[in-house]
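Each of the next two complexes has chain A plus one other chain: chain B in the first, chain C in the second.
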Partner chain A sequence: MTQPNTTELARHRRERMMMWLQLTPVLLVLSVLFGGALILAVMQSLGFAPWFGVNTFPDFSYFGALWGSWSFWQSLGLTLYYAIVSTVIALVMGIFLALAMVRMFPCKTLYKYLYKLPLMIPYTVGIALAVIMLGNGGMISRLSAFFGFIGDPSEFPQILKTHYGWGVIAVYVWKQTPFVTLTIYAVLLGVGRETEEAASILGASKRQIFFQVTMPQILPGIVSSTLIIFAFNIGAFEAPFILGGGFPDTLPVVAWRYFNDADYTLQLQGMATVVSIALIASIILYSYLAFYRRYERRIGRN
Partner chain B sequence: MARRKFKSALNSRLSGFQKIYLLLIAGFILGPFIPLLIQSFAFRWAWPDLLPGTWWLEQREKSLLPLAWDYVLSPYSRVWEATLNTVFIGLVVTVICLAICLPAARVLAREKFRGKSAFEFFLSMPLIVPEAAIGIALLMIFIRLGLAGSYTGIIIVHLIPTIPYMIRMLTAVYQGLGTDFEEQAMILGASRWQVMRMVTLPMLLPGVVAGALFTFLVSTNIFLLTFFMGQGKIITLPTLLFSKIAGGTLDASAAGITLVVTVPGIILLLITERFIKEEAFGKGFGN
Partner chain C sequence: MTKVQLKGVRKDFGAFTAISQIDLDINSGELVALLGPSGCGKTTTLRMIAGLEVPTYGHILFDDDDVSEVPVQDRQVGMVFQRYALFPHMTVEKNVMFGLKVRGTPKAEIEERLEEILDVVQLQQFRHRFPAQLSGGQMQRVAIARTLITKPSVLMMDEPLANLDTKLRGEMRRFIRELQQRLGITTIFVTHDQIEAMELADRVAVIFDGKLAQYDAPDALYQRPNSVEIADFMGANNIFAAQISASGLATAAFGTLQLDRDIVTVREGAGRILLRSEAIDLLLEEPDGENVIEGTVEGREFFGATVNYTVTCGGEIITVNEQSRRLVEVGQKVWLRIEPRHIWAIRDDA
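After this line comes the complex of A and B, so read on.
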């Protein structure tokens, strides 16, 4: 009687082991790279850098110096400003585009290729396009001269390299609207149109259908895509580096400058900056997710 | 009256606003490429001319190729070197990523176990941790290990952003597959190896190809991690373009390089559109 039980148990155990064996490689790679980087970054920002002859762990003075300086908060504000504004614009544009994409229209197949193009190419291409369109000698400046609005490139309002960051935001929006669209379009395809039809038959107006039927359905897509692009925007380096307005820079650029400074010890300050970025991003994203989960529970999903 | 209302709400055609919106977005996405193309063929293009004052065609006695393209295609621009590096790194990353993600995706799609949702969330982490943070932190370690500025270093860091996408796409593939055919084959007396080779793999192939193409694409588009880890020693197309436009201006040769950097994306777009399952992107976070 006990015999089959033990073999059953052994089989079960072997299967579990096989399962974890299959999960191990990916787990290992990510934990070592991710966990390792994170732990070392935190330790260095707290003064652990024996290779520079610095070992004052645990030492909060690097954070103190960083958070005590006014320019850090200016940089943080700027980073969040670029990230939030471009995420919101990309989200709104993406929702409208996805809603249009589920309709029938001629050349839809072609359009499905076309709108994905920015997804497929690097951000640096987007930056180059921003320079040629929005620069003072760029296409829009030429067009305004053509229509007689301005007579000299210097009269063209500065769009790039200002702290309003319209150039940075334009690149993010250009690159990320397709991503939001793709995500929401996928969700819309998944849920189908039956619920919208039902609501319409029950006499709901277009507005009601959008806000009370479609919106809750696409919400998971909205949340996951905005999480991803917001996190990217906080950590992005190249667009603010080229198109931003100089001091105060966004946090990733600040961290990079600390790293390339001739003064070695500033690297620890840079590490503190890096840890701050990760900390702030995770606080924001975690509260966003928690808020969303609470909403989900309130409306009775999950 | 009521019937007309249903019709408007249920319309599956585009409204007037949507038509204009689709056109505007198409213009927003593609429009900037027009001046870029023109720039790369211009000989002289002064402000405020909408078109170049002198095209390359009019100056062919001075140079046989368009000036910008002559430079782009020459070894001095390092475009060939960057292209080779990009493709090589992309291929290796794709193969490694596929090898470690395939078994994990199978388990995630089919098994239930404690801590599964936490595990899935962990695998999505690279998507929501800012790249600059991870990049700079890893750079410190890699400099210590002597991996900075080497292919190995770049390939290893490229795994971070590619793994989440690969896992998501492969899990979707396995979920769509079901286990029925494999069980049938087992019942009919096939060995594990035979099932793998003759049933699972052929059915899996289109999805795997899609995942591989997408991973390749993500890898070729990575700038920040390559820029940090490459240390200027190893250049790829995105970092080459960055160095050309870092000053905030765009000359004819930079326009040509921008177009070259766009080409792999267009090729991959044409190939992948058929393979990529849009559903893989609709997946939420940790739910």
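After this line comes the complex of A and C, so read on.
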């Protein structure tokens, strides 16, 4: 081995300098806007808010009050329930749709545009649609009354504004299934059909092919898409605010109520709620990722 | 074990016709090579036999039974894919065991067959690796092992030896041939290497542009091709226009040659004659007798064991191939002699 000569070394150094220069704007934005805000939020939730005339830093009483109340845990349960159920439903439907899309069928091109539509429509529109369609006095209840399934639109079973959260889940699923489909479809295209064909020739049933051949190969798509939608669902505000069942609210709605309270010192309580959401979400997502990484390593990818 | 028949099979992909018409009978236990240039429809034919593709017209029969309704899983076929199609998330071992596992073979038997097949394909030391950590040739051997371990009754291989080096390719050829004969597996083998096809196959099916051009034993295909295209594809280099007479005389630019009328069914008219370059004697003195052509050595290509001479004779160039026990100088005046039974003729309207 000969040493690289000095001009080579200098060139390498210059290249590294350039790389850092290019990264700087992104790093700045990330560290100031995101990191700074995060630190401020954590400090505020620990009692640092001189602009409200409150400075008891470090003070864990806000977290204490929050975590000590039963309603916090109810809210957390509700938040996780909406997030998990809608993520799972969107995932299952997304996988089915993506699998269907790699096969040939008539009108496929039209369908490929149609299914992406919810991606382009804002959440609020989706929520409005849910109210129009699923609410009491909504389209479906009126149609059911019209066709005589029920006597009066008001007899229609309550779908929205219950703690089952069917309205919330419906909106999440409606909006996120296309996203999951899109992600997994892209992965499936890369994977190709050949391994499935090979498996079928080797005698595997449809089920065995899916679970032993297809699924492990689309796992990266499954993990990344569910990670994103779960993170969104756990922090989303509008849908549970409008379509949720009232007290106990989901955590983001709870935080919002604190922030909006006339007593502005409750803002610190709100911050503690927000920080709790962030904490819980990161723990869940991190464990999920760690679990997945372990699997990846076990099957020899790194 | 299984006789495979294709009856009037055609395959369209939308408006594109990949296979226009193929009739093929493959006897039980026979090894057939599908030979043809790239894009002629070899893979498509295999895929139809495996059940991955449904013929647009025609039938595929296994032991005289139409298998159109038999799903891929139940056809008892094996297929080695052109691009291997290994499971990237499984080790070599798991890839190889897959077929037995999904069929619920007892664990002890799986273990036993795994060891046996890993020995055969010499992959013991790579058994815990993943496909991404293997070379092309190693992946190919995994693909072969994965298929063979299931003991299919019809084995299909799509260019299974394309990525192996000469030595390993020879070993794998012998291995496939030996195993195929021992187990009597009906084997269909795709290649675009005519040497490989002739060495391995009982019969060779030549496919051009989605049509079966000729289906014959290797020697027949080599010595008596149906058309100039096949002759060309089989590596013939001495094809000359000639006028053929009813008495079996072929007159070309370099002279007149007598044909063997037992071999060539002579019909009068314009045609081509085919002189196998290894069947031509290169003489330094003028011999007596018929079928002698006079010429001059134009060029020499030395391949080690054999040597090729290009000889100009009456405006045409004839290639002569002989063992390199001697070397004839370029510019030497020579006489070429070829026996009537080594000349093949194809009529232009054939």
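As a convention for this text, the second predicted complex is superposed on the first by the 298 of 302 C-alpha atoms of A that agree within 3 Å, B and C clash if a C-alpha of one lies under 4 Å from a C-alpha of the other, contacts with A are read in each partner's own complex, and residues count from 1 in each chain.
Everything below uses one rule, namely that contacts are C-beta pairs under 8 Å (C-beta built on N, C-alpha and C of every residue); 3 or more make two chains touch, one makes a residue touch a chain.
Source: prediction; values computed, not measured.
Asker: Looking at the overlay, does A:Leu285 come into contact with chain B only (first), chain C only (second), both, or neither?
Answerer: first
Asker: One more residue to check, A:Met17. First (chain B), second (chain C), both or neither?
Answerer: A:Met17: touches no partner chain.
Asker: Where does A:Leu40 make contact in the superposed view: on chain B (first), on chain C (second), on both, or on neither?
Answerer: After superposing on A, A:Leu40 lies in contact with chain B but is clear of chain C.
Asker: Quick check on the superposed pair: does A:Phe232 touch chain B, chain C, both, or neither? Answer first, second, both or neither.
Answerer: In the superposition, A:Phe232 contacts chain B only.
Asker: After superposition on the shared chain, which partner residues are touched by A:Ala204: those of chain B (first), chain C (second), both, or neither?
Answerer: In the superposition, A:Ala204 contacts both chain B and chain C.
Asker: Is A:Phe259 touching the first partner chain B, the second partner chain C, both, or neither of them?
Answerer: Touch partner of A:Phe259: chain B, not chain C.
Asker: A:Leu129 contacts which: chain B (first), chain C (second), both, neither?
Answerer: First partner only, chain B.
Asker: When the two structures are laid over each other on chain A, which of chain B and chain C touches more residues of chain A?
Answerer: B
Asker: Name the contact category of A:Val26: first (chain B only), second (chain C only), both, or neither.
Answerer: After superposition on chain A, A:Val26 lies in contact with chain B alone.
Asker: Thinking of the overlay built on chain A, is A:Val92 touched by chain B (first), by chain C (second), by both, or by neither?
Answerer: Neither partner.
Asker: Per the definitions at the top, what is the overlap between the chain A residues touching chain B and those touching chain C?
Answerer: Of chain A, residues 197, 200-201, 203-205 contact chain B in one complex and chain C in the other.
Asker: Okay, in this complex, where on chain A does chain C touch?
Answerer: Chain A reaches chain C through residues 194-195, 197-205, 208, 212-213, 216-217, 299-301.
Asker: Which residues, counting only chain B, touch chain A once they are in their complex?
Answerer: 2, 5-6, 8-14, 18-19, 21-22, 25-26, 28-33, 35-36, 39, 47-50, 99-101, 103-104, 106-108, 111, 113, 119, 122-123, 125-134, 136-141, 144, 156-157, 159-160, 163, 167, 217, 220-224, 227, 237-239, 241-242, 245-246, 248-250, 254-255, 258, 261-262, 265-266, 268-270, 273, 278-287
Asker: Flag every residue of chain C that touches chain A in the complex, lowest number first.
Answerer: Touching chain A: residues 50, 52, 72-73, 75, 77-79, 81, 83, 85-91, 98-99, 102-103, 129-130, 132-133, 146-147, 150 of chain C.
Asker: What part of chain A is in contact with chain B in the complex they form?
Answerer: Residues of chain A touching chain B: 16, 19, 21-23, 25-27, 29-30, 33-34, 36-38, 40-41, 44, 51, 93, 96-97, 99-100, 103-105, 111-118, 120-125, 127-133, 135, 137-139, 141-143, 145-146, 153, 160-161, 174, 177-178, 182-183, 185-187, 189-190, 193, 196-197, 200-201, 203-206, 209, 220-221, 223-224, 227-228, 231-232, 234-238, 241-243, 251-252, 255-256, 259, 267, 270-271, 274-275, 277-278, 281-282, 285, 289, 296, 302.
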